[in-house]
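Next up: the structures, one after another.
Shared chain: subunit A. Partners: subunit B in the first complex, subunit C in the second.
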Partner chain A sequence: MMKAVLEVNNLKKELGSFSLEQLTFSLKEGCITGFIGVNGSGKTTTIKTILGLYPKDDGSIKFFGKDMEKNECEIKNRIGVVLDEGYFYEEMTLKEMKSIIAPAYTNWDESVFLNYINRFNLKLNQKIATLSKGMRMKFAITLALSHHADLLIMDEPTSGLDPLIRNELMEILLDFMEEEGKSVFFSTHITSDLEKVADMLILIDNGKIVFNESKDELLERHALIKGDNRLINEHSTKLFLRLRQTPFGFEGITNKVDQVCEQMKDIIIERPSIEDVMLAYVKER
Partner chain B sequence: MLIFAIVAPIFNNSKLGLSNGSFISFLTTVLFVEYILFNMISFQEDKYKGAALLCTTPYTRNGVIKAKYVFILVIFIACFLLYNLAAAIGASYGLTRLSIYSVGVALLIISIFFGLLIPVQTKFGYEKTKYIFFITVFLTPFILPTIIEWYQSIDININFNLPIPQSIKDWIPFAIAVLMGLISMIISIRIYSRKNL
Partner chain C sequence: MKIILKNSSEQPLYQQIKDQIKGAILRQELKEGEKLPSIRSLANDLHVSVLTTKRVYEELEKEGFIITIVGKGSFVASENMEMLLESKRHLVEKKLSEVWQMARTLGINKEELYSMMDIIFEEDDE
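And then the complex of A and B:
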């Protein structure tokens, strides 16, 4: 059985008018877990709370079986973090920024750092303020991967990046996972990135966890159904999580595939995308 | 800053012409240098929020706060060393070496100033702290004379005659400065531990 690298139990955090409501989920070792949700659903709040950037109001957070509050330094030595806005001192060069971050880690590996710098064509003497968004992300990943972290936590790492860099990042994650005992947890609203790499998916909406399961099982258990509007009535509507009707027909997401097949003929059944499933569960505001 | 820390005491002392001009020159120089450098760092921190990234590393929140106080102390020590260099160069301008007691009093004043500034800035942030201190500086000329008048009217004669050798009495300002610094640090740590980064 896979060990849990992160266990969150009944996490509560209030931030103005928004709150995380008794969040409970866990991450398995050896998996890439995608943390999905629409803008404002609580992804960043959750990640910042589990990292201790937002003090929690209640609940427990354990990394590698150890309580975060009591073993903070030991745990953070094993975590690589990439935040959505970087939070770099932009007047500094890459080298200067590294010289601040590196001494914090007991396992800092300069050769790995230089390897990534060369791989990403970054210049150590370049000021961070002059880097493009993609280059900043690459630098953030370089810092996160240069101390042999066991868990990589990333908050919207692909937001604002072009498809080429996003694809490159996904490949980096797959390379990272080749070593045993590694795990990745990253939040995104760009679900197409997760189609390629995610093993597990956690959906958060309005501060609550909606589902936490294997991507393959999730997509197996749901179906995208298309058919004629004549098939839609008061009874059949209840079979769908989300239903969209146009003059040309209907399209809906269901988690009751067998019942739909029994009750509706002449329909097209397709495998849904992660985005289709996510939108089916997210409440319209 | 390095050159300023050497030249300023010589210049100030030559202009002041007071009996304790050396102490005042040192105090004003170290206050100026400390405040400018601390302000530069606070501004950068407020602009880029780098402490958030630092706190995802094994640097703890406590470490970030302690670093601020250690920074102030290190700058004080550096200014003191540079002052001694200035005193060696500017002896002909009347700049003299400071006694342990004078250095202690200077450290105490620095400790009071930053002992207030750092917790206030930790609590309210860089921008709001600027306004708080601006208002304080603005109101001081109006409030201070009233306080001084009151103090003179109550006719208190505070005279401590502790039965301890003078060599130990000279270190009392240091001890109070360190104590105040520690209290301020504990308060700042408490405030920062509950702050959303």
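And then the complex of A and C:
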């Protein structure tokens, strides 16, 4: 089976009133893993903690089978990172920014860098402050992928971008994955981006992992059921994770597809979206 | 090769993909020794998980339809006539049992079904 590129075990991190509790999950090599959850669920805290940008309170973090604390340099050379908030110096040109980042990696490849710059139509003498949001994201990806990283980690790379650029980003990810042994881990609250590209999905809610599963299996295990309100009673309500009723009928998400089919007649069964499933598990606050 | 996936289908995605690749091999649209797309590019094109396409190839390999060579890719296995024939029969049997299930729920008995088949055969002969 596929090797794990990242294994997180019982990770604990307290940050003010928020905490990550006993976080355990792993990423498979060769997979695009989507990290989903609503705002404030702990996605950014998790990413920053596994990258060592926040000190962890407890637990272990292993990249490529190696402990993060003891092999930080070696590991960081094999990871490309794109974080949500711009960590660029606005007054610099792209070229100047690159010359700050490049020396941090032993395997920086200038030809790969120039390749991406051309592909994305970026101008090296342009100031960072003049880049549009989409261009900024493309430049961040260029910097993250120019040192032959095996694992690309991104925090909300698509937020604030229009659908066209989001789609372009997904194509870039799929291109990156064509090479064997590459993996991507990215967080998003825009789950539609993941419908096309994700292999695995991890849902975090209130600092806890809810599921870590293959996307196709997850969506096959759940169903969106629609039907007449007369079918809903004290007993049948329990078959649903989330149920919404209007005067015209009901709509619900279930993980007991077989039981629902057995007990309810004249219903419509549809494949749920990732968002449908996510909302079924997220607790309201 | 054509692969069309139904999102509303009760059949899981891996089963739909597997059946359609198998069909293409049985109809010899995919010829012996022909290279199949990589699990990643198949997953990208069909918008399914690479874990799903991996499972499809693993099962097709187990059933003898394809072979996978590490570092080279997956190829249609050399023809095994007996196996092909068996699979073709199996496909027809599956359809027939679906027909019988349907006939039964609609209250059509064995004799009626036989005579329906006879009419179809006669029409085909003409």
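Brief remarks follow.
The definition used in the following text is that the second predicted complex is superposed on the first by the 285 of 285 C-alpha atoms of A that agree within 3 Å, B and C clash if a C-alpha of one lies under 4 Å from a C-alpha of the other, contacts with A are read in each partner's own complex, and residues count from 1 in each chain.
Everything that follows uses one rule, which is that contacts are C-beta pairs under 8 Å (C-beta built on N, C-alpha and C of every residue); 3 or more make two chains touch, one makes a residue touch a chain.
Just so it is clear, the model here is predicted, and its values are computed rather than measured.
Because the two structures share subunit A, they can be overlaid on it, and in that overlay subunit B and subunit C fit beside each other without clashing. In the superposed pair of complexes, A:Asp216 makes contact with subunit C only, with no contact to subunit B. Centred on subunit A, the angle reaching out to subunit B and subunit C in the chain A superposition, using CA centres, is 150 degrees in steps of 10. Using the contact criterion defined above for the overlaid structures, shared-chain residue A:Lys196 touches subunit C, although it does not reach subunit B. When the two structures are aligned on the shared chain, A:Leu124 is found in touch with neither subunit B nor subunit C. Of the two partner chains placed by superposition, only subunit B is touched by A:Glu72; subunit C is not.
Nowhere in the superposition do the C-alpha atoms of subunit B and subunit C come closer than 28 Å. Once both structures are placed on chain A, no subunit A residue is touched by subunit B and, in the other complex, by subunit C. On the subunit B side of its complex with subunit A, the touching residues are 44, 48-50, 52-61, 193-197.
Residue ranges on subunit C touching subunit A, taken from their complex, read 7-8, 10, 12-14, 40-41, 43-44, 47-52. Chain contact summary for the complex, subunit A toward subunit C: residues 28, 30-32, 174, 177-178, 195-200, 214-217, 220, 269-271.
Residue ranges of subunit A in contact with subunit B, taken from their complex: 15, 48, 51-55, 72-73, 76-77, 79, 81, 83, 85-91, 100-101, 104-106.
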